[in-house]
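Chain lettering (A, B, C, D, E and F) follows the sequence in which the chains are written, and residue indices restart at 1 in each chain.
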Amino acid sequence: MAHTFINQIEPGVTINDIYIVKDPILRSTTRGDLYIAMYLADRTGQLNGRMWQATEPIYRALPKPGFVHIQGRSELYQNNLQIIINNINVVDPAKVRIDDFLARTKKDQKQMFEEIKKTVSQIQNAQLKALTKAFLGDAELMEKFCNAPAAMKLHHDCIGGLLEHTHNMLRVAVAILPLYPNVQADLVLAGILLHDMGKTEELAYDMAFSYTDSGQLIGHINKTLLMLNQKADALRAKGTPIDPEVLDALGHIILSHHGAYEFGSPKLPATPEAFMVYYIDDLDAKINQVESAIDSEQSDANWTAWQNALQTRLYRKRLE
Amino acid sequence: MAHTFINQIEPGVTINDIYIVKDPILRSTTRGDLYIAMYLADRTGQLNGRMWQATEPIYRALPKPGFVHIQGRSELYQNNLQIIINNINVVDPAKVRIDDFLARTKKDQKQMFEEIKKTVSQIQNAQLKALTKAFLGDAELMEKFCNAPAAMKLHHDCIGGLLEHTHNMLRVAVAILPLYPNVQADLVLAGILLHDMGKTEELAYDMAFSYTDSGQLIGHINKTLLMLNQKADALRAKGTPIDPEVLDALGHIILSHHGAYEFGSPKLPATPEAFMVYYIDDLDAKINQVESAIDSEQSDANWTAWQNALQTRLYRKRLE
Amino acid sequence: MAHTFINQIEPGVTINDIYIVKDPILRSTTRGDLYIAMYLADRTGQLNGRMWQATEPIYRALPKPGFVHIQGRSELYQNNLQIIINNINVVDPAKVRIDDFLARTKKDQKQMFEEIKKTVSQIQNAQLKALTKAFLGDAELMEKFCNAPAAMKLHHDCIGGLLEHTHNMLRVAVAILPLYPNVQADLVLAGILLHDMGKTEELAYDMAFSYTDSGQLIGHINKTLLMLNQKADALRAKGTPIDPEVLDALGHIILSHHGAYEFGSPKLPATPEAFMVYYIDDLDAKINQVESAIDSEQSDANWTAWQNALQTRLYRKRLE
Amino acid sequence: MAHTFINQIEPGVTINDIYIVKDPILRSTTRGDLYIAMYLADRTGQLNGRMWQATEPIYRALPKPGFVHIQGRSELYQNNLQIIINNINVVDPAKVRIDDFLARTKKDQKQMFEEIKKTVSQIQNAQLKALTKAFLGDAELMEKFCNAPAAMKLHHDCIGGLLEHTHNMLRVAVAILPLYPNVQADLVLAGILLHDMGKTEELAYDMAFSYTDSGQLIGHINKTLLMLNQKADALRAKGTPIDPEVLDALGHIILSHHGAYEFGSPKLPATPEAFMVYYIDDLDAKINQVESAIDSEQSDANWTAWQNALQTRLYRKRLE
Amino acid sequence: MAHTFINQIEPGVTINDIYIVKDPILRSTTRGDLYIAMYLADRTGQLNGRMWQATEPIYRALPKPGFVHIQGRSELYQNNLQIIINNINVVDPAKVRIDDFLARTKKDQKQMFEEIKKTVSQIQNAQLKALTKAFLGDAELMEKFCNAPAAMKLHHDCIGGLLEHTHNMLRVAVAILPLYPNVQADLVLAGILLHDMGKTEELAYDMAFSYTDSGQLIGHINKTLLMLNQKADALRAKGTPIDPEVLDALGHIILSHHGAYEFGSPKLPATPEAFMVYYIDDLDAKINQVESAIDSEQSDANWTAWQNALQTRLYRKRLE
Amino acid sequence: MAHTFINQIEPGVTINDIYIVKDPILRSTTRGDLYIAMYLADRTGQLNGRMWQATEPIYRALPKPGFVHIQGRSELYQNNLQIIINNINVVDPAKVRIDDFLARTKKDQKQMFEEIKKTVSQIQNAQLKALTKAFLGDAELMEKFCNAPAAMKLHHDCIGGLLEHTHNMLRVAVAILPLYPNVQADLVLAGILLHDMGKTEELAYDMAFSYTDSGQLIGHINKTLLMLNQKADALRAKGTPIDPEVLDALGHIILSHHGAYEFGSPKLPATPEAFMVYYIDDLDAKINQVESAIDSEQSDANWTAWQNALQTRLYRKRLE
């Protein structure tokens, strides 16, 4: 049965579907009766939910947050839509169609990953080849890499967003590297493949996008550097030692790819390759961010709302 | 006769060549004799010059600065090389091989300009087509465009530098525009062609690179905006009016292409096209700047000197 | 009949007056009846309006935004005042008393404009005289100049605000120029007259103050520079060429009069005249802003609310 | 006998005049003979001095720094002028014409002080009248006030500079206060009179301009606040108590008159009067700084050297 | 009778207690009846209050703000708790238990003050001894010192907070001064004792924490400097003159103890003692701020809400 | 034989000692003779050296830089001291007394290391105990830890400087931790021990202090994080797994201990322990930096030269 999305619910209809419950609170009315207030959400938004005949065991059983099956009815209350809940049951996350709850890249994830592997296979330098192979051959990591978002919000904030962003950056690199023959292509391609790999550990995306504890304490840039060195340690243990110079050159690209201290890079770019990865990353992220901001508002106005991260409103109108 | 470059002069040799004289001063020795102190320069550097048997008429006749034919001799004085001048004569600038005095792009200027014309001819939008044609058909302006430097220093600071920079930006745009199908390609191509056109009026480059008065008071960004509107006025007078919306969209790209207020942009990018021109400009300028800084030092050290504009030293060593 | 201002409407009274309708939305109640929610506004504020017996044709006929004649009644709903609408009819803007909807300078606009013309007529330099005459003689432009606000908010945000601000700046200049005899008075007076002329194109003020598309894409500083050069082109066509040096000196004052890059000036002041115009502009704007902030709160407290643009609260109490 | 200024000394002439000796050092030649190296200075510059037949008692007797009478001869050494000293004798500072050593305002100090007193006498508020009278009647302080420079460098850096700057600020205030009738004129006039009074304690100017220890540890802004409160304490002791509100309003003007934290103001302007004093101070200082920078270079070039404090070069050329 | 705290009031209970009334407004219902809307507060929060049978005399008698005795009843209105008031009477502040309304340090104020006196008595330098004695012996001032908060919010924002903060800073100083033997301990101890003494005049704390007018106009840093100099003037009058050098060294510590211009210090630290006081102050304030932020949220989450002043969320989880 | 330090060489004495040769250049005189120009250095400074009878083999044999035995003579040339070299021979670094060339901490390195071990042994948490033991037991690393400088310049820039700085930080922590009972002492102690461990790889200090390539590309903060994780990997391999939470909490302290992005910390402090380590580090570094700056100038002046890193001059005078 197709999921009824939150932003499609009309007033006065019957509800019998799965949603995410968030922030449930047990309260009592002035008459002393218990009820539960909560939010019900999917990837299109959230609504207030009220269960009037509640008990403490029902409240305790609720995940905070988590998936629940709701039976009830929508109604308008003071001009706001809310859901009156008759029955609420916990749902096994394994049985949920995650795409109803998290936006997913519109591109073909499998095909993008194949194209990435093909592009990276062009690397000539033996050590960079070994390193990138070690990453691409780590099935568990690649599973995460293909599904992680590229960011919490702003750009590529969807399942597969990191994959899509990395894939497009590699395409840009392949297109422009011939125009800059002195830039070491192998380093740029390897740098792009790895640059945000730590986001697989920084971001959680099982029900909604959030930061992991470890992600907040350490950050994806430093996580990526650790992953790189652990892969190198593993290769050395298997008899394929990686030169410190190779690790430092690649590590430097990772550390400096935000381009400025205030954006969390502990090192500023100091090689042509580091500059190129930084610019390709920023270009691809910003174009995606601008197009998303323009598309996400349902409006015919020529200008979007103020974009705080860009310190401007965006102009939507195209030339005829 | 081939020019003897300043950085190739050995001590104790005869000098009989053309140089730029700069900052000449008439002084008297302790015995009361007059002499002229000056700098002699070409594109490889400058040396102190001394003319010991000087007169006020000789001093008055000197251009300040300008080209002069020098007869004299090099000598070491306190371990510094200087030129002792016996004869000094003003030279007609028209008879000077300017390439001895100003660095020139290593690429073929004619070919680059042809490729630019070809690329820009792909523009579909009729009004942008008319506008870019009006620029490309302005022979006097294109003469300047093909010879102006792209900057006083830092990047593409050579005769033909603006052409080379614009040419490469267009090549980058052509390579990556297919990857961003929602970005209006016509606007990006026209924006790149025009983005620094005002540098033809901001920078002087007859003997050395310098700013014009007008360039310092108004700046190349605003000069470019004025040129755009004057071309549109001329087209309107000829019966081809340009819509205000087209002028505003293109003008916005010009005004915002430095990407930040502190870099002299009075507007921040507010369209996908403005973001794309800004990133392609910055990428091409920075890669050129980094490679120039690495190449310009005669050193085997792994690191360049401190680069103030980049707030780092640059790493020169390549992977093997 | 006198207009009943929004901030004077009591609960429970009959409404029969003209207001601006903003953001009307057609909705249906839980019973399926259609109603229209909207804002009704004039220069003193806005209220929620509800038309319960609505139809789609009524909704479609509404301007978004625009002037409407309202018949209905005020009532308290959940302690908020709202208007229940029985009849709503579109009104021809030409028949509206615009002063009910936009604040207007308290000073005499005609007299201020005459004083400006008299002051500017003291300019001795022939070319600056011709340029300022060309502006003052452009009736269509002067009509806008006399009515435009000086800013969207913060200072002189009223009909005639630009005129009042320019008028007062000229008075300050006339008062202090004798104290700075080396500052070129003609340039200062011409610079002040023109400095914000582009606001006539940057801001719209037919019903409420807003930015035009062109204003947001190009900005008033650059618009003013374009106007200056177009006036000079027109004068040249009529046989009165303006020296580039005059245009550059005046253009520089316009470009640098915000005094800092982060306030949108693409050039920093580099002449005594540019510094003087910058300081007189900032002084007059800030004193107006401070006095407006102090006056606009209806409060006896010694301090105003926090002023974000000034990073302080303001002290209202005067010495006895 | 007229003083021979440092910048007028020709090579090979006899020297018999008073200069400031700075940084004398006793050294020995390779042969073991003692000599003293030192700088000799007046307000036009400084030269190297050498006394070849020196003894330790001669060295010990020298002030470091201080006034000395020099007998000797100028000579060119490696193209630099230096003074060979035969005799050197300490001079009583009381017998020195200080104007040979420190630049002095070109305006009439006595007349400026009289005009200041006249302007300040217009203050109506009794307490501000008493306070300003207490300052103007403090003969010892006024002696310093009439001679102190307004700054170490940049603007009004001459004997009488503080007086000239304060005098001109008061003239500006008198000229524009009628245009801002809601600004409390008494507070502005008193605020201007006092705003930099602490510079009399922050700066030393007996031989050259320098900071006092106390000036560096506490700063002139806070010194001025202390002076204000000490004058108020003295008035209270004499039976004329000053209301705390008056002291706070005036103190706030003093503390905030640099207009920004990074310029050493511990408070940002929060009253119209504080804003006005800040702008008049900055306007008068900057115009003086710009005109001084333009005049101080002996050059016909259109542009001055780079002005670091203003982040631009300055344009010297005037309209014809 | 124990006070019923705002955050403990249940719906539907009788209220008979003292609260602070804030922002009372007299309004009329749609039927024309008068009622008063207000906030009722204590140190745990605030609620809406409504008195339906109100008269203008009742409204006029209310303090704005002030203490009132309330008789009434709590109820839920649209899911928000509010107080329906039957009787309201003004209460003499002297009869109020202030601890119900303002948080108080959990440490023993008397004991802390005794420990401070003991620590400060170790000062050897006679003049610093005299100065600190003069402060500690000023009973009226010490009464305020023992009760003032250290800040409006963020850290030690409670009755006795300034005392607790100063006390702990002295303990830190005593602990680490032996590790820095070249730092002058007497100056550090005296500097800590005085560093925020001006907060006794900057902050008001009779009902809630707020700034005084004088505090906002002058600031606690400058107030402290004035207090120091007034105490020195008083000592001089009694025959114990304090050397200017001692006052300047101590005054410098006070002025620079925020460590940066943007935090309101008009001077940057220039002595080892000034650096030490700055670091001890910042360390103690920040640790208190971090621990308070972690403790004040009732949450089991690993992370606090975003802390704007620290530009991060805080991690609450401890190692096991 | 005792080394004759560079800053003790008098003119006209015989030189027969070991120095570091830096930047040797082979040049020819005007007569065509070859000579070598170079710097000769030890830890007290450097002088120009000239070897007039040079050959290309001699030049080629010189280390660039490295230790050499010099025979020659000092002389004054244009008032500057230089060394005229007769013989120059390469010296085996192993035979050099390194303390003549690099400053060394004045404290007992062995004793400091013992005290550090004792302090760290107080850690209770089993995993932190294991981790710190793993570091303290790594003899090769501890050898470097005991000798590395804490910084290139500014503070603790001497052999053993890192040890001295870490040792003193631990002493400060032990002194103040009892005053902050909620701060987890074990984390603070472990964090201090490790915080700058990566400097052993970032800085080279065999002849002079310099950055390693790896140090510049990766930085000591990230190097420390890698070392921490490698030690944890090794412990896990030996059967002592470290919880990710422990590694993250400790890693966060390392990453955030510079306290601000612009100082190279990719994370801002988010735990009480991270704040404490940041403050103790900054306090100890700054006090050392201030005292060193005051001591290092040989001057009786009350103020040091301008300290760019501190944006002030420092006041040297102590209270009597």
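Note that in this section contacts are C-beta pairs under 8 Å (C-beta built on N, C-alpha and C of every residue); 3 or more make two chains touch, one makes a residue touch a chain.
Please read all numbers here as calculations on a predicted model, not as lab measurements.
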item: Number of steps on the shortest touching-chain route linking subunit A and subunit E; value: 1
item: Given subunit C and subunit E, the chains that contact each of them; value: A, D
item: Given subunit A and subunit B, the chains that contact each of them; value: C, F
item: Interface numbering overlap (same over half, different under half) for subunit B and subunit D; value: different
item: Relative orientation of copies subunit B and subunit F, as a Cα rotation angle in degrees, nearest 5; value: 120
item: Approximate Å spacing (C-alpha centroids) for the pair subunit D, subunit E; value: 42
item: Where subunit B and subunit E are represented by their mean Cα positions, the distance between them in whole Å; value: 61
item: Where subunit E touches two or more other chains, by residue; value: 78, 213, 216-217, 245, 249, 252, 270, 313, 315, 317
item: Touching pairs among all chains present in the structure; value: A-B, A-C, A-E, A-F, B-C, B-D, B-F, C-D, C-E, D-E, D-F, E-F
item: Contact footprint of subunit C on subunit E as seen in their complex; value: 28-30, 32, 37, 78, 213, 216-217
item: Residues of subunit B touching subunit F in the complex; value: 11-12, 75-76, 78, 302-303, 313, 315, 317
item: Contact footprint of subunit C on subunit D as seen in their complex; value: 125, 128, 168, 171-172, 175-176, 179-180, 182-184, 186-187, 245-246, 249, 252, 268-272, 275-276, 279-280, 282-283, 286-287, 290-291, 294, 310-315, 317-319
item: Contacting residues of subunit E [partner subunit D, same complex]; value: 213-214, 216-219, 221-222, 225-226, 229-230, 233, 244-245, 248-249, 251-252, 255, 261-267, 270
